[in-house]
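Each structure below appears as structure tokens.
Here subunit A shows up in two complexes: once beside subunit B, once beside subunit C.
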Partner chain A sequence: MIWKTAWKNVWRNKVRSMVVIASVTIGIFGGIFAVAVMNGAIAQRVDAALNEEISHIHINDPAFRDNYDMQLIIADPEQVISTILETPGVAALTPRTMIAGMANTATKSTGVQIIGIAPEKEKEVLKLYDTTIPGTGDFFETESRYKLAYIGHELAKELNIIRYRIDQDVLDSLAVKNLPVELLDKLSAFSGTRFKSEKAFKKEMKGALSLKEQNAYGALIKEEAWSFRARSKMTLTFLDKEQIQTGAVFRITGVFDIKNSMYEMSQVLVKNEDMMGLTGMAPNEYHQLVVRLNDTELTEKTTTSLREKLPGLEIMNWKEIQPDLAMMTDMVQNFYAIFMVVILAALAFGIVNTMLMVVLERTKELGMLTAIGMNKKRVFRMIMLESVFLSMVGGVVGMIISKILIGLTSSTGINFASYAEGFEALGFAAHIYPEISTSFFITVTVLIILTGILSSIYPALKALKLDPAEALRTE
Partner chain B sequence: MNNLKLAWRNLWRNRRRTLITSASIFFAVFFALVMRSIQLGSYDHMYKNAIESYTGYIQIQHRDFWDEKTVDNTFTYDKYLEKQILADENVTAAIPRFESFALASNGPQTKGVLVMGIAPEKEIHLSKIRDKTVKFRLTSESIAKIEEDPSIPEKVKELAPLFENNAYTTASRLQLDLDIPDKEAHVLMPAIEAHARSENGSIAMGEPGAWVGDKLAQYLQLGIGDTIVLIGQGYHATTAAGKYEIKGIVKIPLPDIDNKIVYLPLDICQELYNAQGNLTSLALAVKDNKDKAIAGTVERISTKIPGDQKVMEWREMNEVMVSQMDADDKGGQIMLGILYLVIAFGIFGTVLMLTSERKREFGVLVAIGMQKKKLASIMTLEMLLIGLLGLLVGVVVASALILYGVDHPIIFKGETAKMFAEYGMEPKMAFMTIGSYYISQIVIVVAMVLLAIGYPLRKITGMKVVNALRA
Partner chain C sequence: MKVLEIKNVHKVYNSSEVKVHAVNGVSLDFDKGEFAAIVGPSGSGKTTLLNMIGGLDTPTEGEIMVDHTNLAGLKSSALIDFRMRNIGFVFQSYNLIPVLTAKENVEFIMSLQKWNKKDRDERTHELLKAVGLEERINSRPSKLSGGQQQRVAVARALASKPKFVLADEPTANLDSKSTETLLDIMEELNKEEGITFIFSTHDARVVKKARRVITVEDGKVISDERKN
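The block that comes next holds the complex of A and B.
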């Protein structure tokens, strides 16, 4: 009965109620959607880190990670590997050798970490092979008389293996894509130019094109001007097991792009067999074993059981390898809640005001209800319910809209391309697919109900203070 | 004047509603200002740290050096150029540098490093690299000494192991991490400092010695007195190789630099790369680092330098950091946008109630001869007053907090402090005074009120007195 009365009361002044409902709707929608975008970005980051960069668990000599000393190999690898593979939860494993070195081309050089792998095993653990940029080759599939190296997009750009150029071919293919004639004229001034770097290319384009043209066609021009020098080579230099400087020419087998510029810049994958001759390491000498689990949820459990089985080795799971990643996923949940609370607090002001108005304009009616025997508890409950209904209607509508919009954008994604550089430097993709768990909706629902209840307390107390006799007399 | 008086009195007819509406505006303004202050405070802190300890605000480089950082893209630096540059009103010092990459090794450990040749006495004007030498370090031995020392309280002994191997460039930072209050500092710190002290030598022009970053030193297991071997590519593809004694260890507040930097005296570095007399960059120390002053300086200097050189400013040299700050900034603005939108609806709700409640009163006023225009202006004034009241209180309270916060930054301790350190940030949340941001708050609040006021104004102008009187 009280519920029904409260619900009907909400719609007595439609315009006023609609204003409150609309404000709750917008607040809730805005809040949830912003959180979903943030959460999506983080989920993508974690996914990428687990699937492409680090996998779940790393196993190595306890002192190895201090300075990647080449001598610190895993003792008795066959035994260790079979122990790991027998552990429940473990899906696959790839052994690696890791050496610090320099990558050089004719003009440039930079420090890198060289990772010696067995390509077939590596594929079972990490999906890095899947991120090869089309047209740059493959993941160690093509045979070559050279040693092969698989490098990141940023490193390829740094070493001038990928560069930007504008020539007749580029102009022709841009012409097919319906670029305005005057723009093509501007670009044809560059015909035959090879740009020294991405930066140089961007600078020239910024100078030549108007802002409007840059925004409309910049990405397209960049895509067309991008060129990979097929059959490129680079030299890797490093110290061998005897501390003697060594090195060799490696051909680029493929270039990967994982939206994490730090990783792309610093990691070079090569075949273990290509490295052995240079480093003087034996075929079954490894520095690190990288383990993939059946499910990320099994991380803690499997880490513990591996630690028991392999006491002499350092077992690190992804949360320990990248504490920032783990912290981000854990801490950010609190931040979402705080964000929603701030929005709801702002909404509460509007609700309090409206409910106060409701009580004051119904002074006579409330007096009447008390006079004919409705007890104070029920009056209090009626007003509280009205307030909760008011916020819930807006909340539910807001949540439905968010759910629909998140559903729509979670497949297409939202592009923040203009901030790509900042995002990617932090390891985040600039193309974000919003997502949020159902439990967040439950949290928000609870918060909305709480807001409704809390903002009704003051107005409801006002209503209780009314003296029925006084109230009946008011106009 | 009369209108204002009427509006003011009207406000207090329903005191509660006025206060609640003002409070909602106060909430938004306060939140916006404080959040902004913290955000800008941390940017300011972050970029000052990054810029001042590495690139500086302005650099002169070889035209192609930034795009292609090779030893071949260098320029010669002479007294004439120096004089020209120092003549600029905003330039206080010109700091010559020579930077390149090399493979560094110490015994079995090897790593690609950034080699920077510096003139130690000139760096005082910019990177103050001498101040960044590690003065204290909580090694396991020093922690053991602290634990044995009876004069040191248990609380400190418990905290110390948490920061094992941390290096400190100042005693105050050490004091902060160990959570020693200022009033106890003069008693406790001398003993702790003695336990944790770490001595450094200096590098000087002409003497083959090196300073290395703290993280790099840990990686290569280098201590003072050890020798570091550098192998790289010199001028015109010659081989560059040399060995240098470690004279000191420095801690650079940027982890990405700290884990790969080796400082050599400028002339020794030029000799290593066979590029005597050449520089890769000339960093300028400036008097005024505001955007406008920097832009002016860049413009003036550009006309003075030879054609093979160019002037770079900090934004170009720290593109990634600038766009990260931009993205973060936009995120904050979206959040505030949502907040203000919600508040705007609250104001509109108030206006709506005001109007419907006073329909009859409006009717009477117009019936007895009050101009609708006057009524509308009173109504507008009323709403503006509510807005300005909230704004004023918000600004005053937020400013008080911000001014307090500028001198008393929020400082994190223990685990949280360690986490900040891992990101290379100081464990504090700084506030910053934000002059120009106040104006936008005023504009937003006034705009919200004016938007909301549209509804009652239409009601008043379209009012039929007879109907209104019956309401």
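The block that comes next holds the complex of A and C.
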């Protein structure tokens, strides 16, 4: 009966209860959805890092990572590779050589890390090949008499290998795609222009187009103005095994885009056999072995196992290679809980206020209940239940709304295109797919119940202090 | 058989300025099945006396024994429990729980006492029938007239078969027709159930119905008449 009475009491003043419920709903929905977006962003970042950048485990000479000394190769690589492949949990392995160098074109140059790979083995471990920008080539698939290099989108832009131009072909293409005539007129003023850089292109467009026009058509214009010449040339220079500067001309076999500006700027992939000829390294000399596991959950176990088997080598898993990823995956759940606690603590004040009003308004009724035999424990329980019901209704509605919205956006994603540059600079994709675990909903449910209980304590104690005889005299 | 014994009970309120002797040496006994009214002018101590009988206030001096149990000897939670099982209350302003129906109001105490559903339903229907509200069993207090609400309050007071019912000015907010009906019902229930009714009242109609009239003035019993 107390449960029934408490539930009915919640709806005694519908407007007041609805205000509190709405505030809890909005708070819970906002909190859960924000967490889902953060979760999705982190999951995508980790996924991208493991599938496109670093995979699960790196193995190299213990001193190699200090200064990437070319001389520090893995001793007895065949035996090491065999040992690794026999370890349970290991799916695939790829060997790499790694050298610091410079990438140069006619107009620009920049420092890069040159990674010598075995393309077929590399494809078994990382899916970078899947991120090749259409129209820029492939991942070392086409035979060529030239030395080939696979580079990132940001590096291609930096070296002016990818450029922006407006010519008649671009204008015709934009007309077909229904760009308004007045905009075509504005752009025709640039006909025949090859812009020095993406920055220069953006600056000119900003000057020529209004903000509204930029927002509506900017992406389309940029897409059409983007140009890439297949098999563009680039020179890579570096020190060989004898510390003598050397280099060669490479043709771009493909350009990858992984929405991680830093990685795209710094990594150049070439074939191991090309590097060996230039550096003086032998065919089976490698600096690093990159390992893919069957399941990310096996990371700790497999790392430990490999360390036991290969004590003379440095074996690092992805959490150690990129501690920021480890922080994001391991600690972030705690931050989420704290985030929700802060939201609920703020909402609790509203609930406390409402329950205090409830106790004040029902002084006479509470006096009557005590008079007819409702003991303090029951009075406390009734008020606590009202508070919990109030919190739970708002919480459940908030959770349902967030579940629906997360369900919708988890397939369509949320496009933060306006902030793409910032996101990609940090290694995050600008198109985020929110996700949330069932365990988080359980955590939130428990927190909501706790909020209801804790919010009821002060009002309930006020109710218990009422003298029934005096309370009954209240008007 | 005595259900209530009041032995030389005093109640003194000590405010900062003046000492008020609200009840001044009252001694009364009540038998099972009595239908008694305590009358007196405002400030005579009727309500204070009733509150002490109901365990809502404690005497400064003296004893109140309900079914041979001294109320003063009971701790707070035990007193509330004792009240629930042995004393029924009917208040001037009905004091029904507004969110519950007539049925739920009546069965409230029985559910606190953990009666099983079958017995609860049976007793509820029996009482609401006795007070003439069987048709309004699922109505909330806001849908009932004042007289009907008070009848539900009477049914609630009798739900757990208490030793006696205390009714503090039960007819004060009712019209004459409702008053007549209510008093008839209470008299009938008094006879059928054998439960003692003790009224605190100004109402002459209650006094007329009562079979015992106790007059209180300045905290003292000045007369105690039993009618034949």
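Heads up, the rule we're going with is that the second predicted complex is superposed on the first by the 475 of 475 C-alpha atoms of A that agree within 3 Å, B and C clash if a C-alpha of one lies under 4 Å from a C-alpha of the other, contacts with A are read in each partner's own complex, and residues count from 1 in each chain.
The rule we apply is simple: a contact is a pair of C-beta atoms (placed from the backbone, for glycine too) under 8 Å apart; a residue touches a chain by one contact, two chains touch by 3 or more.
Predicted model only: the values in this text are computed from it and were never measured.
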item: Touching partner for A:27 - first (subunit B), second (subunit C), both, neither; value: first
item: Which partner, subunit B or subunit C, touches more subunit A residues; value: B
item: Contacts of A:62 with subunit B and subunit C, given as first, second, both or neither; value: neither
item: Touching partner for A:368 - first (subunit B), second (subunit C), both, neither; value: second
item: Touching partner for A:237 - first (subunit B), second (subunit C), both, neither; value: first
item: First (subunit B), second (subunit C), both or neither touched by A:347; value: first
item: Which of subunit B and subunit C A:468 touches, first, second, both or neither; value: second
item: Touched partner set for A:378, first subunit B, second subunit C, both or neither; value: second
item: Residue ranges of subunit C touching subunit A (in the complex, touch as defined); value: 51, 54, 56-57, 76-77, 80-81, 83-85, 88-89, 91, 93, 95, 97-100, 104, 107-109, 111-112, 156-157
item: Touching residues on subunit B, where the partner in the complex is subunit A; value: 16-17, 20-21, 23-24, 27-28, 31, 64, 66-70, 101, 103, 105, 107-113, 218-221, 231-233, 260, 319-327, 330-331, 334-335, 337-339, 341-343, 345-346, 348-350, 352-353, 356-357, 419, 422-423
item: Interfacial residue positions of subunit A with respect to subunit B in the complex; value: 13, 15-16, 19-20, 22-23, 26-27, 30-31, 34, 38, 66-71, 100-102, 104, 107-112, 196-197, 199-200, 237-239, 243, 245, 261, 323-324, 327, 339, 342-343, 345-347, 349-350, 352-354, 356-357, 361, 416, 419, 421-423, 425-426
item: Subunit C-touching residues of subunit A, taken from the complex the two chains share; value: 1, 4-5, 8-9, 11-12, 364-365, 368-378, 468-469, 472
